[in-house]
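The following block contains the structure, expressed as structure tokens.
Chain naming follows the written order as A, B, C and D, and within any one chain the residues start at number 1.
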Amino acid sequence: MDCTGLCETLFRGGLDQGIAQFISLLAGVLLVSGVPLVTVIFLIWVERKIAARIQDRLGPNRVGPFGLLQTFADLIKLLIKEDITPTAADRLLYNAAPLVAFASVVLIWGVIPYTPYHFGADLEIGVLYMVAVASLGTLAIMTAGWASNNKYALLGAFRVVALLVSYEIPMVFALLVPVMLAGSMSLLEIVHAQGGMWFGIMAPISAVLFFISAQAETGRAPFDLIEAESELVAGFNIEYSGMKFGMFFAAEFLHVFTNAILLVVFFFGGWYGPLWQEPLIAFMWLGLKASVLYFISLWIRNTVPRLRIDQVMWFNWFRLVPLSIANVLVIATVVKIMQLLNLAPRNLIGASFGEVLPLTLVLLLANIAMGLIIVGQLRTAGQTARVAAENRASVRAAIGD
Amino acid sequence: MVPLWFYLIVAAALFCIGTFGVLARRNGVAVLMSVELMLNAVNINLVAFWRYLTPEKINGMAFAAFIFVVAAAEAAVGLAIIISVYRNRRSVIPEEADTLRG
Amino acid sequence: MEILNQWAFIGVFAVAAPIFPALPILIAWILRPSKPNVLKSQTYECGVETVGDTWVQFRVQYYIYGLIFLIFDVEMVLLFPWAMAYNRLDAFASIVGVIFILLLLDGLLYAWNKGVLEWK
Amino acid sequence: MEITIVTVAFIVFALISLGGAIGVVTCHNLFRGTIWLMVSLFGAAGFFVLLSAPFLAAVQVLVYIGAIAILFTFAVMLTRSISNLKTRFTRLNINIAAAIALFVLLVVGVIGPVFILNPDLQQPVSSVTRTTIDLGEAFARGNSFALPFELASLLLTAAMIGAIVIARESDDEV
């Protein structure tokens, strides 16, 4: 193993090389995981404040300036709450589930490139690592539901897991597109490949697909069946209380922001922006773009009503999955034709804006064509549903109901 | 790197535990889990041999990838059969699904 | 060895990650009151007493969703190396990929026609 | 033999995967068995990383822990096996003896003479030059693995249709 940076300093300072390596690794881990852990505390405040504004309320405003310290007050409250473990529960799995749920989200941050030089690990299979780690969260929910030994928890867990695995399909198909364009699964190289043009402009449909499935994966409205209080009491975490419940809660918040960051990394150019060369500014660009996407996610969450589970499932299997598959087929074909015509570079890493412009325009046109077809489809489906509802209403009116 | 036989011993142990599960467990689902263990032992062997003997070829990795496909297909169909048998006969014990025996 | 260095980071990270949530839970375990009683530790069903087993019979629909997801998952995973190498390859690679995906669509179409994907 | 970080990692993964496997075959409760299976397969994923095949490690976690585990838990719930099986094993002693005999046979008969006593076959012949991207190229080349690649898709589709046919309640029942 190589030994540079902090490790080298420690080694020169007289430490054993193995220990120096371990200490530098540990420092890296703490640094990388510090970002999400600090962020999540403020995200909760941001989310509550924005939700309040959208609903014409003030939101937290008592503890500290603008209620900024509200989250810490909540934290203290959660810490001194009594924590009930039902006698019927499987204690080991019951306690392990919140840990896995939170860890699975934190682990994603291990591969996120903050700047060209600052990242946890640059894995050859970064995209698959991220999907694999996120799928541990599904297992955690299943375990939580089962270990609680409660009918509602188990039923809620089943529904959530069925929903999560369904929406993972369009999500992963959407991720095939950046991998295909960049020719790499390393998140660092995917961002580097967007130096000429963001993938979100080349393939907007993939970005939208990823956004929608990410919204569903984190259980945000209109897909918030995970916490459908009115139907499932509370879902899979009904038996959890105190800090263990807090961990599920924090994991969900962090996951939303993680997905915003991933969306930026995959589709909106990561750290790229004007003046991106400076690491600090690069990091700010990443954070800024992710915050915008996070705000959009919150906006949708607080605006639309919850869907029924059959509608959610229908939307996934009959609209999103076929669209994501068609999207991959169309983009693969267009890219290959452009490459054979020598209109597109074979390697996007280091390609300039001018070189990728023809490819971008053609891909964008193809995406717009696909988008128009989908919108037309949805329009017709909506009109049909509306006419059917009107007919039913007029029949009821004729009966004099 | 650890010597090759380290991997072979672990894979052999995993395979034998899986064999024991297939032979001894009465529940069909547990039998399928044991089969997955055996497939996994095979996969470890395959990748270890690829890494130690022919790392310049792609075959070892490709074969391991296809074993995943087979394992997935086996799990899907196997569990479907167990569910179907359970629905019709209210039993998950493979020995009791013997209608076809003369 | 450079590659293993990256994985060593992931390894340490994987060991450290569960500690972050474990820490507040441990602190809470020290700070919180603990006065369990029989009623409190019952299974919570909005105050109604629990009847029967938690293991109510589930519908086979869940299994079918899981099954279709498994098949799609494996196919997507096989498509990732193909997508990675895509820029290096000629038109034959596109045909291979398209046939692969179309075969997958066959299964989806079957599931559509049988109506197993509709939540009933 | 010197103790390196790879050796330590190997021992940890070996303990995880064998411990998980023993959990699978001995556990009374099948949901726990599924979790043990995942633990065991996670250990195997660690082996793949050590063997410079990170792609297979990711596939292992994604396919087994992300999908097959879910499928097993669904099947466990559907068959309610916890309540109707009091005895776990059949012919326990004979089967333990058979498994141990098989292990001894493998170690003494194959691994020992061929691999432990042969110093040529202990260390890799060269470092790895093939990576995930080469695997992708092999999948898409006609003279390489293109046909098996398509057959894999066919097999999966067949498995999906077959499993739906078997698992679905028949039409008149609904």
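By definition in this document, a contact is a pair of C-beta atoms (placed from the backbone, for glycine too) under 8 Å apart; a residue touches a chain by one contact, two chains touch by 3 or more.
These numbers were taken from a predicted model, which means no experiment stands behind them.
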If a chain touches chain C and chain D alike, it appears here: A, B
Set of chains whose contacts include both chain C and chain A: D
Farthest chain relative to chain B (centres taken as mean CA coordinates): A
A-D against B-C, pair bridged by the larger set of C-beta contacts: A-D
Per-chain CA centroid nearest to the all-protein CA mean: C
Chain A and chain B: spacing of chain centres that average the CA atoms, whole Å: 34
Separation of chain A from chain D, taking each centre as the mean of its C-alpha atoms, in whole Å: 29
Rounded Å distance between chain B and chain C, as computed from the means of their C-alpha atoms: 21
Gap in Å, rounded to a whole number, between the CA centres of chain D and chain B: 6
Contacts with two or more other chains, residues of chain D listed in rising order: 5-6, 52, 54-55, 58-59, 62-63, 66-68, 70-71, 74-75, 77-78, 132-135, 139, 152, 156, 159-160, 163-164, 167, 169
Chain C: positions in contact with at least two other chains: 3-4, 7-8, 58, 60, 62-63, 66-67, 69-71, 73-74, 77-78, 80, 83-86, 88, 93, 97, 104, 111, 120
Sequence positions of chain A contacting 2 or more other chains: 1, 123-124, 128-129, 154, 158, 161, 165, 168, 183-185
Pairs of chains found to touch, sorted by chain label: A-C, A-D, B-C, B-D, C-D
Complex contact set, residues of chain A against chain C: 1-2, 21-22, 25-26, 28-30, 32-33, 37, 75, 78-88, 95, 98-103, 106-107, 110, 120-124, 127-129, 148-152, 154-155, 158, 161-162, 165-166, 168-169, 172-173, 176, 179-180, 183-185, 233, 238-239, 242-244, 246-247, 250-251, 309-310, 313-314, 317-318, 321-322, 325, 328-329, 332-333, 335-336, 339-340, 346-348
In the complex with chain C, residue positions of chain D that touch it: 5-6, 9, 49, 52, 54-55, 58-59, 62-63, 66-68, 70-71, 74-75, 77-78, 80, 82-83, 132-137, 139-142, 146, 149-150, 152-154, 156-157, 159-161, 163-164, 167-169, 174
Of all residues in chain C, those that touch chain A in their complex: 1-10, 12-14, 16-18, 20-22, 24-25, 27-29, 31-36, 40-46, 50, 54, 56, 58, 61-62, 65-66, 69, 72-73, 76-77, 79-80, 83-88, 90-91, 93-94, 97-98, 101, 104-105, 108, 111-112, 117-120
Residue numbers on chain B that touch chain C, as the complex places them: 65, 68-69, 72-73, 75-76, 79-80, 83, 87
Contact footprint of chain A on chain D as seen in their complex: 5, 29, 31-32, 35, 38, 54-55, 57-59, 61-62, 65-67, 69-70, 73-74, 77, 131-133
